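Structures follow.
Heads up, the next two complexes both have chain A, just with different partners, chain B and then chain C.
Then we have the complex of A and B:
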């Protein structure tokens, strides 16, 4: 019994790391620019597709991860510069709509390029090594993803809290016009944030494609999960987003053990409760 | 009085034109007109949220599908009577819209957009998973168009029913548009703080707006289900909610007639370019992006600038 629980906890942690890799960029971009990047999960899936293609061409997992990280990061930057930027001045409704349009375009474009069937790639040999814990064996990939998620968290924390650039980002986060008055180039901060956020999406997507197959439209359900995680934490709260990723991931994993039929409902129930009790999120400010 | 008379003449002229379509005896044209009117109701109801309140809903497929499944389920489970199941579909959509509104409308715009999407996806998942009740991914077919009082066996005869519903819905929505409630909704969309200063409760009016919008979307859904006499869970998928959004933006969400114009163009494009169905999302995406960056007023906005006349 205890062993089973431990197993569920570990898979829960893995699932949480998967969620965090999507939610981190989403909440970062929202925190700084106040734009909910609807296309974020589509970027994530696109990252998977790009990694897949590079892997087929070169057979090198690490190269494919690097390529897709950079490519998706640049795409995110291009989308911000070309499409979102002209709409900062008008109502926020339009910023959400434009990223929604980008999602639709990416969905169908990836269907055209990579086909409608779901595609996956093999876990690279060095990460497929089995690791034995309490009689069960897990691929090293499991721990690689969990460690990566922690690394992303620490890295984001250091960049935002310990660097001067992070200070500029945080002041933009707090008050844009005040930051501008201090001669902070907020336009560039916005673009860089989009770049970093999309970079994370591309990186996460590329890592995860070795585990979950990608298909056009996969992003549709991922963006909902990611958004719910971010909402539960409080929009724009990075530390909270990591905690609530773990909360949701582990809860889902344990729930799966007892009530597998209702797994899709759990996250909605948690969300509804949080919104009714603490609408500003578990870690958000009122 | 002159203005009212002109309006009545306009309406009568359009109805005569619509009835004239029946005499062409062209089943495909009649079917297309029914489809146009159904989508026009859907888009008009959607625009209460988008145009007046300036909110985005990705969840209107939920209300549309609730109407459609309301008809299908009640005709399957209860003694089939078209009028009864028609009413049941609309009531189901109304109830669901109030429920969803109660949970989602207390928060900001962004919450509303994403949470309605979440509810729509939940509904879609339920329709697929709850196989015994909803027929799973096969849906429910063989919905009768027969009632105690009347029956519409053919597309032609059903067209009259759709036309009747469209006319009633159009007049009701126009009345809402011009009434006190329409003005209140617009005021809320324009400036929430001033709205609060005037002593109104924004949450209450938002829920009211979503209820009206969801109910008329449900009406469109019931008509849609009865047109095809079958439902599948596809209509609950959230991309269906993007269709009235595109129609409203296309026609011009600031105008009452915008969604109707948008629906006409939309049905026209989808029919003329049926082969494009494969990349339909791509086209919608490009249209939205172009509209947002280029002409936020939509087609009516462009026409207005060209003719210097207000719609």
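Then we have the complex of A and C:
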């Protein structure tokens, strides 16, 4: 019984880490720029596409992850500079619309480039090693993703909380005009944030494609879960997003075992309750 | 020619009630032979290129208000000795172009299925037009994305594009949305993929929506025939991981019901439904199935989710722990090409099927279809390509019988129709407008070549496992 629970917790933790790899960039971008980046999950899936292409060409998983991370990061930066920046002054609805447009463009472009059918790749040999735990075998990849998620969390925490740049980011987030008055180049902060956020999407997508095949438009279903996680945490709250990723991932996994009928509903119920009781999110500020 | 086919089929039907299975199959076989003879000339599917026949037709065409007689010479290639005969044909269609609206999913994670439908439709259209069209009228296609509000698309196809027929529909949900609309739009819709039994059982049989037909297999294939596969496997504890909508729920229900009837010692130890589309991580589902000590996994996940599930089952060692896996749509070409030689196999087999399997049956019609399809699209035909291809030929046959676009006459021509198609002889059951034909299950086997093959085929006559009226 305990073993069963343990296995379910482990798969839940894996799922949480997967969610976090999407939610981290999303909440970072929103926290700083207040842009709800609808295209974030499309970037994530694009990261997967780029990675499997590089993997086919070079056969090197790590190189494919690196290429994809940088490529998607740069793309995110270009989107911010070219499309989102002119819209900072207008209603946030327009920013949502432009990122939605980017999503559609990415979806159809990937259909043109990689075809409408799903694409997948194998877990690289070094990460496919089976790890035996209580009678079941998990690929090393499983633990790699969980560890990567923790690493991303720690890294983001250090950058935002322990560096001077992080301080500037936080002041921009608190009060843009005051930050500008203090001669903080908020435009550059915004662009850099978009770059880092998209970088995370490219990185996450590249890592996950070895486990989860991609198809055009896959991001549309991922973004909803990611949004919910970020909303439950409180939009823009990084620590909260990590905790709520774990909450949702593990809860989903456990519900599958004991109350499978309620599993799909679960995430929406949690969101509804949180929004009713604490509309600013579990970890957000009022 | 049609009358001959029809008679043969009726004989076999009458026999079925009393005769043993062997003699029944024998009758079917003789019926099929009879059909094959009849098919060469009477039915649209082009025959092997053996001899050349020149037919001079004298046709009465009604065009521009006045009647005139046109003499045209059509040279076509059919088997048999060369004959030249005068045929006086009076049938023509009132339009120069027969427009067919094609509905398929063209965006999102299932977009590849729209392409598969489109490929089958395009090949049939090209063949028909190259062979002189339907009674001289050309066929043209208008293709729309059913994922962009199927009701709106169907309306636009009929009202703005003025299509004469609708063909396709991938999603069961969409089929149920668009089906009831057809009596209002007064167009025939032939479904070539969506599988919910409710489409034919409820909309056609119970609600008498005469405009609806289906040439592809319903969930009887996914839920009922799969149980016949399962009953012979050394697996007693089954777990289900199915997409959480109509198709997944119904298939699982049929599978459970049928298998429980066929075998009393089976248990259904775990029952999971995954979000679809959009499940990217199956690990908690698989963990729960293993936790319930499942020996076999039944899943009707398809397209992207089938690829994801098979890969993750392999990565998580599920394939080493369970004895057998049944995935009814697992031999869909998108899944087969994507998994390729890494398509995992369980100890007692990974059992898959489709709505048509490209190498079955081994008939000249099928071989020619596969060859032409490969020539045109560079791949083995997917099931929905075959069903859509057949649907177009079915319309051709109906139009050639009626010589008009009168809906009642066309419906009458299609009811009880027997059409020899790549997937074998299909009979359109008059009560529910469902095509009855056989599609096998098989075990994924790697034997080199472009894609994995199926062995140990489980073939059963559609008559045996289709549900039959009254529903």
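Definition applied: the second predicted complex is superposed on the first by the 284 of 286 C-alpha atoms of A that agree within 3 Å, B and C clash if a C-alpha of one lies under 4 Å from a C-alpha of the other, contacts with A are read in each partner's own complex, and residues count from 1 in each chain.
To be clear about the criterion, a contact is a pair of C-beta atoms (placed from the backbone, for glycine too) under 8 Å apart; a residue touches a chain by one contact, two chains touch by 3 or more.
If you're wondering where the values come from, they're calculated on a predicted model, not measured in any experiment.
Engineer: Taking chain A as the common reference, can chain B and chain C both be placed on it without clashing, or not? Answer clash or fit.
Structural biologist: Partners clash after overlay.
Engineer: Which of the two partners, first being chain B and second being chain C, lies in contact with A:107: first, second, both, or neither?
Structural biologist: A:107: touches chain B and chain C.
Engineer: Let me test your reading of the model: by the given contact rule, A:139 touches which partner, first (chain B), second (chain C), both or neither?
Structural biologist: So A:139 only meets chain C here.
Engineer: So in the superposed three-chain picture, is A:8 touching just chain B, just chain C, both, or none of them (first/second/both/neither)?
Structural biologist: So A:8 only meets chain C here.
Engineer: For A:120, is the partner it touches chain B (first), chain C (second), both, or none of the two (neither)?
Structural biologist: After superposition on chain A, A:120 lies in contact with chain C alone.
Engineer: A:268 contacts which: chain B (first), chain C (second), both, neither?
Structural biologist: Touch status of A:268: first partner only.
Engineer: Once the structures are superposed on A, label A:220 by its partner contacts, choosing first (chain B), second (chain C), both or neither.
Structural biologist: Both chain B and chain C are touched by A:220.
Engineer: Under the stated touch criterion, which partner chain does A:253 make contact with: chain B (first), chain C (second), both, or neither?
Structural biologist: A:253: touches chain C, not chain B.
Engineer: With both complexes overlaid on chain A, does A:59 touch chain B (first), chain C (second), both or neither?
Structural biologist: Touch status of A:59: no partner.
Engineer: Can you tell which stretch of chain B collides with chain C among 224-232, 242-250, 260-268 or 296-304?
Structural biologist: 224-232
Engineer: So chain A touches chain B in one structure and chain C in the other; where do those two contact lists coincide?
Structural biologist: 107-108, 111, 220-221, 224, 261, 264.
Engineer: Going by the contact rule set out above, which residues of chain A touch chain C in the complex?
Structural biologist: 4, 7-8, 10-12, 14-15, 18, 107-108, 111, 115-120, 122-123, 128, 130, 136-139, 141-142, 208, 211-213, 215-218, 220-222, 224, 252-253, 256-257, 260-261, 263-264
Engineer: Quick check: in the complex, which residue numbers of chain B touch chain A?
Structural biologist: Contacts found on chain B: 54-56, 58, 103, 106-107, 109-111, 113-115, 117-119, 121-122, 125, 129, 238-239, 242, 245, 249, 278-282, 284-286, 288-289, 292-293, 296.
Engineer: Show me the residue ranges of chain C that touch chain A in the complex, using the header's touch definition.
Structural biologist: It comes out as residues 106-112, 114-115, 244, 271-273, 275, 277-278, 280-281, 283-288, 290-291, 303-304, 307-308, 311-312, 315-317, 320-321, 334, 337-339, 342.
Engineer: Quick check on the complex: what are the chain A residues that touch chain B?
Structural biologist: Residue positions touching the partner: 36, 83, 86-87, 90-94, 96-98, 100-105, 107-109, 111-112, 220-221, 224, 227-228, 231, 235, 261, 264-265, 268, 271-272, 275-276, 279.
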